[in-house]
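Note that the chains are named A, B, C and D in the order they appear, and that numbering of residues resets to 1 at the start of each chain.
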Amino acid sequence: MSTEKFTFCQFGAGRIGAIHAGNIAASERAELRYVVDVNEDAARALTDKCGGRPASMEEALADPAIDAVLIASPTDTHANLIEAAALAGKAIFCEKPIDLDIARVDHAADIIAQTGVVALIAFNRRFDPTLGGLGEAVRRGDVGEVETVIITSRDPAPPPIDYITVSGGLFLDMMIHDFDMAHWILGEVPHEVFARGAVLVDPEIGKAGDVDTAVVTLTTKSGKMCHISNSRRSVYGYDQRIEAFGSKGMIQAGNRNANSLTSWTSDTISHDKPLHFFLERYEAAYRNEMSHFLDCLEGKATPMVGMEEGRVALVLGLAAKQSMASGLPVKIT
Amino acid sequence: MSTEKFTFCQFGAGRIGAIHAGNIAASERAELRYVVDVNEDAARALTDKCGGRPASMEEALADPAIDAVLIASPTDTHANLIEAAALAGKAIFCEKPIDLDIARVDHAADIIAQTGVVALIAFNRRFDPTLGGLGEAVRRGDVGEVETVIITSRDPAPPPIDYITVSGGLFLDMMIHDFDMAHWILGEVPHEVFARGAVLVDPEIGKAGDVDTAVVTLTTKSGKMCHISNSRRSVYGYDQRIEAFGSKGMIQAGNRNANSLTSWTSDTISHDKPLHFFLERYEAAYRNEMSHFLDCLEGKATPMVGMEEGRVALVLGLAAKQSMASGLPVKIT
Amino acid sequence: MSTEKFTFCQFGAGRIGAIHAGNIAASERAELRYVVDVNEDAARALTDKCGGRPASMEEALADPAIDAVLIASPTDTHANLIEAAALAGKAIFCEKPIDLDIARVDHAADIIAQTGVVALIAFNRRFDPTLGGLGEAVRRGDVGEVETVIITSRDPAPPPIDYITVSGGLFLDMMIHDFDMAHWILGEVPHEVFARGAVLVDPEIGKAGDVDTAVVTLTTKSGKMCHISNSRRSVYGYDQRIEAFGSKGMIQAGNRNANSLTSWTSDTISHDKPLHFFLERYEAAYRNEMSHFLDCLEGKATPMVGMEEGRVALVLGLAAKQSMASGLPVKIT
Amino acid sequence: MSTEKFTFCQFGAGRIGAIHAGNIAASERAELRYVVDVNEDAARALTDKCGGRPASMEEALADPAIDAVLIASPTDTHANLIEAAALAGKAIFCEKPIDLDIARVDHAADIIAQTGVVALIAFNRRFDPTLGGLGEAVRRGDVGEVETVIITSRDPAPPPIDYITVSGGLFLDMMIHDFDMAHWILGEVPHEVFARGAVLVDPEIGKAGDVDTAVVTLTTKSGKMCHISNSRRSVYGYDQRIEAFGSKGMIQAGNRNANSLTSWTSDTISHDKPLHFFLERYEAAYRNEMSHFLDCLEGKATPMVGMEEGRVALVLGLAAKQSMASGLPVKIT
């Protein structure tokens, strides 16, 4: 079978892991052989559903039949797993972020470079028909020279406070997606970051040292500008929009909902709210992401988001935190 | 002044008359000299606001300074006024319908033809930026050969029962607009009419011998088809939509509202309702209609809706009533 | 395994069969054991992908492990397969239409009734989040008492002429979906059908005895009205819309496209076209339909579309053909 | 007549002056008596059309019949005219900005305060059904506590270079509207301004010392944030949008176009572009603004935008210029 299908070992059997394992199982080009998780019950439940069996990291990486690893474990394990997998010669599909420390990212990137394995950093929005479609349209020149980008990203509700304390905070766990999209759409690494934020949603978030509402301005050397705004709470649901404006026009990526119904009553004309959260909203993106990775494994494509892009998003996130703290714009060197 | 501006006598000082008189007053090319109405107080109120003074029909038509008459009086006076005005050599702007009797329409049309005066039958929708824009787009071939037309027309609330008893009923006072639009958009006189209707809104309408909800199918010799649906009551307001489908695509005319606001709440995404009724919805159409008539007076245009078009709409309305009564399709000869 | 998952035999390995087999394979509650098709290569290709193996009808129906049959074979085999499956005690998931002959449908329905097996007639639109959502909204009273329904259904391109000659024609292979939706939304069996049609797209369709463009008016005893329009060709793609108007408002079901992008250029503001055709447009509907059938097998639901609904849609289609031929409205008794 | 209608003297007979004079002439509550303009031909042309006659400032302000002045002359004459009119006891309708110099604004404001005359600073967007409707909705709490505001404002094409050299530049002639809207919607005077800009449209603008593309971040003491982006060129026309996000939801103000047509072709689904520029887009706003001013004259309302609001917008514009120059955020004291 491994001569026909790419064989995966997956690290992490949580919520996002379940999505990826499901996409491996559903693909005609892939199969799941191992799931590694400290919670063995979770690993077992996932393999019961998607194939394969629980295993240890050592066993999995030692198995020559394994073609690729999918890293969906906690962030602080990513860099280690990337390095171990690369040294074992496995292709790598890794959830964002690579790590919260630039030096750690650079070390992992060096090993990827030395081993030459395929490595995809899974920024899901690039693979979404709407948001990814916008990025592709801008890259191929549909709006001419891009001049201003406006990104809005709001979650339906804040994550648990526990999560915030380990995630690096809003700029690193949430806005990092927007930084990656900005980088891609602008076509340049921004050279300045200015951030402002506040605690407007939940005081507990402030006590944990983070903000829950934030805005950022990115500028590039060539004068392009990008505005990003984030909120940890949106009563109308997940709000994921981008617009790119340029010399030949504008392209907008709007929200998606589950149907195309419009109701006309004596009060208003109304539609249903957007799809609830990322699992629903990016269902197609996750599928496309896996398909792209399999294309890379087959040599038909090269990863559209690699270690370098993962590093840029992290650099921007760290600069935003610094700007937020200092109150001043921060230059990217 | 009459050498510079076209001078009008208006018949009728009611609600629709107030609109037209206002447009005459606001135009740099027109002025109002007389208003004729059996209710002299109403005539006086209108001339106080829009210029001119109340007068009798005889006085007004005898005044050689009068260039044009605007007929916005009750339907049963239209044909007489058209004939008198034509014989007096005045240009004619007449509210629809010309009359409810085909023989009477034909007689008036003969006199128009003999006198050669300019005559515009005021089907306002042809002059609306949206609905008229659709008609023009179809006539210039934007959808290729038109094949199917779907017209929806719903009033916010039924008229007084009194009105229904003199208006000729739904097919002649309301759907007649849709028949005119269908005739224009199809580019052919339909050769068959099939109508169905019911009393679903107010039993009093049924007692008055009319229906309050109706659907009609028109077909043309070349095989084009048109569906029209009407209701006397729409809780979300005035609903005026048309779509024309053809070999090269479709064009849709949607409703209008007074703003472009969208509200996103924990329940829904919503917009305001459409503009309430014809006075608001067709404000621009009434202005454009007057402007077109003045263009005709200046010889820059010929009436885009004349006696013939008014006659066709009436023929279709009468056929619909007959079909409704017989339960069978009615041929137009 | 059959104690845990419902085991299927599928008849038909064509395009629509591939969809259903894929949904069986993807479900945690179902598995495919046999595929029966006169084209054994097609059956083999499908079982290679979705599980199970090719078999004969006799073998499949004789296997006590089979819980359900899925009938996606040509229309003229449906009634026989329904009867054979029912007599073998298998639950039935059958593609529409049941048959083109009412007597044949009634005979199959009798056997279903006698055997008491679960039977679902697969009108996919009822299970679509948008169109099915509209039906549910109307049934629960969101628009008050429904008064007028307008259904638009246009295919991107005509089917092969061969298909038209066996399918029963536009009213039975295409508009039959709209008849079922109308029946559901109106909440009554229409008592009169008036149809008009023409050959406007391809003269070959006319030579084959069919029309390619058609409109139908349905009326119910209580005075509700429904307009349906169909075309075999729509240059902008698959056009599937419904609106239901009633005493408390209106609900509209619009088209779907693959993204939410809007492009603003010096010429226009534009969106992508709708999803191409039924395989893309109704992907979710097919999944939901299978899920509903499995709910029925588990006793959690009863089929929302059964033999009776399949019969009504056929009756309306045959009446439309008769009306088209006679030029007169046809009463449903 | 002056006992019945408010009598106006207008300063300035240019493009925007023509709009206001037309609205005075069209109102039943107002009449135009004088137009003052150094270009007497322009003054004459306007009075020929809208009533009254050309006059000098001295004559006009000395006429006790004059109730109100409308100031639509060049910016550098505003403060002088405001002061002269206030001292003459006339009510004041003044185009924005009051002046480019804060001290000059303060002096004029003092005189207004001393004389107690009615003074309206004509920020037209506050009176627009869409943008003004958004402001009112936010002020009455429709989105709960407002948290983030995003304002997009793009002109179809740059003004003449001459204009830029006297207008104060993009932040003072264009973004000043957005500053006023931000101030109103946020419900607080921002306490920090951060601006970035670039010359991306026309190098001549850069040579004139201005930018043609700019973004600004405003923050308030309570932590609210606002992003504004401007461009001097938008190929798809005038782009005027705002969204306000808060604890209970979001409200968006979108663009307007002249019709509600949608075209479906083999390529795309498309709409017409937005209304071309401010004269078309804000036609209703200008009418409403005059109506509001007349309400103020009648004592039914107090000016919704006065000297203080005009001053805040100027302060924000000057701070943005300073931030742009220094590269640092600027505090508002």
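What we mean here is this: contacts are C-beta pairs under 8 Å (C-beta built on N, C-alpha and C of every residue); 3 or more make two chains touch, one makes a residue touch a chain.
Bear in mind that the values here come from a model prediction, so they are computed numbers and not experimental data.
Engineer: Could you name all chains that are in contact with chain B and with chain D at the same time?
Structural biologist: Common contact partners of chain B and chain D, which must touch each of the two, are A, C.
Engineer: Quick one: which chain's Cα centre is the longest way from chain C's?
Structural biologist: The most distant chain relative to chain C turns out to be D.
Engineer: Between A-C and A-B, flag the pair that has more C-beta pairs in contact.
Structural biologist: If we tally the C-beta pairs in contact for A-C and A-B, the bigger total goes to A-C.
Engineer: For chain A and chain B, what's the span in angstrom between their mean Cα positions?
Structural biologist: It comes to 57 Å between the two C-alpha centres.
Engineer: Report, in whole Å, the distance between the mean C-alpha point of chain B and the mean C-alpha point of chain C.
Structural biologist: Comparing mean C-alpha positions, chain C is 42 Å from chain B.
Engineer: Measure off the straight-line distance from the CA centroid of chain A to the CA centroid of chain C, and report it in whole Å.
Structural biologist: So the centroids are 39 Å from each other.
Engineer: Would you give the residues of chain B that are in contact with at least 2 other chains, written as numbers and ranges?
Structural biologist: Residues 235-236, 239, 248-250, 263-266.
Engineer: Using the touch definition from the top, list the residues of chain C that touch chain D in their complex.
Structural biologist: Going through chain C, the ones touching chain D are 235-236, 239, 263-274.
Engineer: Where on chain D is chain B touching in the complex?
Structural biologist: 26, 28, 49, 129-130, 133-134, 137, 142, 248-256, 258-266
Engineer: Contact residues on chain D for chain A in the complex?
Structural biologist: My answer: residues 145, 147-148, 150, 152, 154, 192, 194, 196, 198-201, 213-215, 217, 219, 223-225, 227, 229, 231, 233-236, 239, 245, 247-250, 327-329.
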